[in-house]
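In what follows, chain A forms one complex with chain B and a second complex with chain C.
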Partner chain A sequence: MSAAYIDLARAHAPLLLIVMPLIGAALMLVSGPARLSWFVAGLVASAGAFVAVDFALGALTGAQPVAAVGVMLHVDGIGAFAAALLAVVAALTIWGAGATLKDSGGAAAPLALALMLCVTAGWIGALLAGDLGSIIAAVETAWLAGVGLVAVNASRDRAALNGALRMLSLGGVGFALMLLGAALFARAAGTSSMESLALARIEAPGLASAGAALMILGLAVKAGVAPLHAWGVAALGRSTSMVTFGVGALGMLGALAVMSRVAGYVMAAPEIGEGIQAALAALGGVSVVVGSVQAVGARNLLRLTAYAGVSQAGCVLLSLALGSPAGFAAALVQLVAFAAAALALYGGASAGRVQTLAMLDGYAQRAPLASTAITAGALSLMGAPLTIGFLGRWRLVEAGVGAGWWWAAGLVIIASLAGVFYGGRLIERMYFRRANTAYAGEGGVWRVALGPVLVAAIATIAWGLAPGGLLRAATSASLMLGGLSP
Partner chain B sequence: MTVEIALFCVLGAPLVQAALILLLPKPPGLRDLIHIGFSLFAAGCAIYLANAVAHGETARIVLARPLPNVDLAFAIDPLGAMMAVVLTGLGVLHAVHAAGVVRAKQEKAPARLLAFIALSMCGVTAVAFSANLFSFFVAYQALTLAAFPLVAHRGDEEARPAARAFLATLLASSIGFFLPAMIWTYAIAGALDFQAGGVLAGRVDAFTANVLLVLYVLGIAMAAIPPMHRWLPASSNGPFPALVAIQALAVLPAGGIGILKVVTFVFGTAMEQAVIAAQALIVLVGLGMIAAALIALSKEDIRERLAYSVMAQSLAVVMGALLAVLPGEYAAAGLFAAALQIVALACAASTLVMAAGTTAAITGRTKVSDYAGLGRVMPWTFAGFAIASASMIGLPPFAGAWAKLWLITAAAGSGLVWAAGLASVAAILTFTHLGPLAANALAARAPTDAFKRPDGASILLAAPVILAAAATLSLLVLANPLAEFLSPIWARGAP
Partner chain C sequence: MITPTVASLEPVLAAGAIALVIIGALAALLLGNAIKRLAGLLIAGFGAIAALAALGASDGALIVGVAVLFAQTAIGIALVVRLQEAYGAVDTSDIDAADADSDVQDRAS
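Let's turn to the complex of A and B:
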């Protein structure tokens, strides 16, 4: 009997991945105390992560058929891989946010958790959507939930409203670009269905190029890719851990994953592939340089992490720009690296309510576990050997050199050099300076909330040491673009 | 014990040592016993491995496979085994001396200091036994991170910028130069394994070989090649036990070993393609040797003087390795000179820095001008100081003399007389900044207020100095056996 239910759940896993967080969000509104809400949200997100990983494993190993799974959904390799990653990150972020529930104000915590689940559902929906219109609708759901998450923080700090307003206005621009782009592309390709898109014959390449570029530009706004990242600092600079997790980690990751998926489809058309390659490469290069420079100059840890994320997003775009399966696999590995580093850094910082770099002084003595997590995240952002960050950058450079893109290798080196400066500064402050502020983290049972952060830190190192499974999964996902079997 | 287990032990023992020291910082006796005991154990393992290499045995351990076709692996070879024996052997003396210094000077956080010294020794051993460029890169980065706390140990306004300069120079150069070179090599050869004869041999054109050589040499900033040398003087404000590790036993030797490994196992015969870059680098290195020796002369603080002095000596290692650009027997002579110079430098520099540390601990003096006559009240320490100075200058029969003899012979024999001239000038300048100092310390009238500690130097402080000084005599009898021991490295497909 239970086996039948499991089979049924497996057959409808993509739908479950979207519906479960939404049901969880609805439950938040009736679940009462903040800690109970957190517990329920954690359970829902964990169940979602379990389903997503099971589904991705089945899809990527060929054990479970992929491609068309319903009217509105369409599963491909990148979608399955990234949906699993997002679901796992969502579960970890929700468990990790537990220690700082009061930061949002006790009464607002269930609402914030509900919005985090909506963010998750939105981005996963966009990764599994069956047509361009559904992708845009799902992206907007996630984005508006993110705006709400930032705005909830306004009861604590009025500056949050500024961040929410910026997100709303720039997100609106992004939405308009995506909508226009999708319409142009669908007109040129004769279809907006993802299933047909991979094999579609482009009748008007100019129109299709413009449409694809606008869609990618719209998504770039939401991913915080430089120079379109003006909302990031306002939203994340003085935010709570809920916001940093929900928008800084989940939001950016989701947008980059959706961009990878869309790029995979539009670049499959040889008529427009080169133009999109150039656009992605230019955007990626600018993002690497601008993000790195701004991260080096940052005095606020949350901003520093956001800027480092911008630089990392640039590396993802450069990987995508290569347009080859190796490039897409490198992009997926970099998404994993970004997720792990962001979780480790944001989580480690939020455990002690650290916002400015000065608050990190002597942090290793006050919060050794959180400092370990931050160190692992910083090392990964540097691209230090034996971390997932090194692996991601190596794969990009390898694919870039294979394609003759030496300049891309140079940009990756620039990103790593900048990482040495800002990452080294974090480590120096934590381990070699005396504390000047009291530790504000909670003790007792809520230290368990550090668990997910440490899981991310361990993953950062473990995948750097033994990346075989991850590389196989990323390679398999990159070869299953368009829902084709590997 | 199998060779693999010995290799695992020589790499792992310092890690256990560091963990135990941090876990058992008190009582000090137990802490020091752990430090010295594990150092002895590591040295024993290194000797076992050298013996195994001498008998033709091989061993390789793979810890992880982080990239396709690239392992995090360590293997024994004659060069690595010889360096491990020398560095871990001197490491035992350093462990004894460090235990004495932290007691005499009442250093703050002594357990942390000793633990990171152990980790640095682990780093240099890993560098010596690295089986491929990736493993070398990992070990190099690990050594940088392990030595960083040694520079920052005091945590004051002087130490923090010094530590930042140390970390930034070493990491930035390795990522900015070495990493691209490694990726380029991977793109060309499809592998990163160290191979006798060179992994790039027959695979590169002249342009690629020249650019790669520059990237590799500048990327290994631990060799203190100008302008990547700033970390060395910056680190000279650290506590004396840290200085021994940085300047004599771990960081600086790791640079020399790295250059030798790259020239021998990555380039091999491909060095012949990199003539332009090699000659330009020899000029840079030669001028750097002279400049460093001159700057040393201007330094009043003994730590700064020794920092520039060892920099000049380290550059001689690079010069010897770069002489491999020339075909024939003189290329091998240059490589052998470089290997001997690492040994000579480790012996002499550790003696000098330990002697300066003993002096500072007992008399509180760190100014060169305050050394006059101290040899009369601390005869053992300053006898060691004088012997090590003679070795650094290149006076026979001490170790430095043989290394410099081979270096000058290789340079002159291969037609690069100007390179031999640069090395000779540097040796003369080394005499000017170390010779009078040692002579003045031994010959001048003894100061009446010499001792800060009335009981004088304990055996922990004096014995390691004199034993390390005695080691500088070792090459008198060991030069030929070492040449035979190392010959397999360049005998196959010799550059």
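Let's turn to the complex of A and C:
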């Protein structure tokens, strides 16, 4: 009997992945105290992560049939892989946010958690949506929830309202570009359904190229890719852990994953593939250089992490620009690397409420575990050997050199050298300087809630040492760009 | 005399819609007043919806566009009200200056 229910749930897993966080968000509004809300949100997010990983494992090995459900969903390799990654990151961030729940203000914490679950549902929805219109609707759900999450932080610091306004302005322009791009692309391809797009015959390549470029540009705004990243620093610079996790880690990761998915479909058309490759390569190159330079000059840890994320996003775009399965696999590995590093860095910083670099001085003596997490994240951003960051960049260099793109390998080296500088500065401050402020983090049993941050830190090293399973999953996902159906 | 048909008008309508998107996007990005930025977003959004209609998109896509634009406007108005309460201004140059002052004070303390 129960086996039948499990099979039914497995067949409808894509729908469950979207609905579960939304039900969790509704529960936040009636669950009362902040700690209870956090516990319920953590349970819902963990259940979602379990379903997502089970579904992805089944889907990527070809063992999981997908039910034809009554809403517009279409599962492909990148969608299944990235949805699982997002669901796991969401669960880790929500459990990790428990250690600094007070920062959001007692009354606002359930609302912030509800918005975080909406961000998760929105990005997962965009990864599994069945047509371009549904993708845009889901992206905007996630984005507007992110704007709300930043604005909720205003009870602690009014600068959050400025960040939210910038997010709304730039994101709104991104929405208009995506909508216009989808209209142009659908007109040229004769369809907006993801299932048909992979096989569509492009009748007007110029129109299709313009549409695809606009859609990717709109998503690039949401991913915080340079030079469209002005919202990121304003929203994250003085934010709480809930905002850095929800927008800086989950939001950017979701946008990059959706961008990878959309790029996979539009680049399948040989008529427009080359133009999109050039646009992605240009955006990626600019993002690597601008993000690296700004991270080197940053004096605020949260801003430094945001800029380092911009540089990492550039590496993801360079991988996508290759347009080959090897390039898409490299992009997926880098998404995992970005997620693990962002969790480790943001989590390690929020544990002791560190914002400026000066507050990191002697941090290793005051918070050894949080410092370990930051060190692992920094090493991964540098692309140090035996970390997942190295693995992601190595895969990009391999795929780039294979395609004759030596300049892409050069940009990766620039990103890594810059990473050595700003990542090394973090490590030097934590371990080789004397503390100048007292530890401002949570004490007692709530330190346990930092466990997920350590899990992310361990993952950056563990996947660097034993990457076999991850590489196989990324390769399988990149070979199923058009959908899971045979 | 050339008689206009639906087919011959389509590029004109689409071009007009794209022009609206560009004008609205520039206003949303470049103007300093938060309310004018919001108006720019509305113009860009309506331009994109008009482009959808001109290019023969489905009803579902149009409804998605209108719903998202409504949500953006509602959140935008709420933000403008909160900005006025918190800063006593809705001009982004005043708001940025106030934030820069706070940053300097934080560094000094």
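Definition applied: the second predicted complex is superposed on the first by the 477 of 486 C-alpha atoms of A that agree within 3 Å, B and C clash if a C-alpha of one lies under 4 Å from a C-alpha of the other, contacts with A are read in each partner's own complex, and residues count from 1 in each chain.
As a convention for this text, a residue touches a chain if its C-beta (ideal position, glycine included) is under 8 Å from a C-beta of that chain, and two chains touch if they have at least 3 such contacts.
Just so we're clear, the structure is a prediction, and the values are computed from it rather than from any experiment.
Asks: In the superposed arrangement, which partner chain does A:Pro467 touch: chain B (first), chain C (second), both, or neither?
Replies: First partner only.
Asks: Between chain B and chain C, whom does A:Met215 touch in the aligned arrangement: first, second, both, or neither?
Replies: neither
Asks: Once the shared chain is lined up, is A:Val420 touching chain B (first), chain C (second), both, or neither of them?
Replies: The answer is first: A:Val420 touches chain B but not chain C.
Asks: Just checking: does A:Ala176 make contact with chain B only, chain C only, both, or neither of them? Give me first, second, both or neither.
Replies: second
Asks: Based on the superposed arrangement, let me know which partner A:Val89 touches: chain B (first), chain C (second), both, or neither?
Replies: neither
Asks: Just to be sure I read the superposition right, which of the two partners does A:Ala384 touch: chain B = first, chain C = second, or both, or neither?
Replies: first
Asks: Name the contact category of A:Ala409: first (chain B only), second (chain C only), both, or neither.
Replies: first
Asks: After lining up the shared chain so the two structures overlap, which partner does A:Gly148 touch, if you call chain B first and chain C second: first, second, both or neither?
Replies: After superposing on A, A:Gly148 lies in contact with chain C but is clear of chain B.
Asks: Please write out, lowest number first, the residues of chain A touched by both chain B and chain C across the two complexes.
Replies: Touching chain B in the first complex and chain C in the second, no residue of chain A appears in both lists.
Asks: Please output the residues of chain C touching chain A within their complex, sorted ascending.
Replies: Listed in rising order, the residues of chain C that touch chain A are 17-18, 21, 24-25, 28-29, 34, 37, 40-41, 44-45, 47-49, 51-52, 55-58, 60-61, 64-65, 67-68, 71-72, 75-76, 78-79, 82-83, 86-87, 92, 95-96, 99, 102, 106-107.
Asks: In their complex, what parts of chain B are in touch with chain A?
Replies: 63-68, 72, 134, 137-138, 141, 149, 152, 155, 160, 163-164, 167-168, 171-172, 175-176, 179-180, 183-184, 186-187
Asks: Using the touch definition from the top, list the residues of chain A that touch chain C in their complex.
Replies: 132-134, 136-137, 140, 144, 147-148, 151, 154, 158-159, 161-162, 164-165, 168-170, 172-173, 175-177, 179-180, 182-184, 186-187, 192, 356
Asks: State the interface residues of chain A toward chain B in the complex, per the touch definition above.
Replies: Listed in rising order, the residues are 382-386, 390-391, 394, 397-398, 401-402, 409-410, 413, 416-417, 420-421, 424, 428, 431-434, 464-468, 471.
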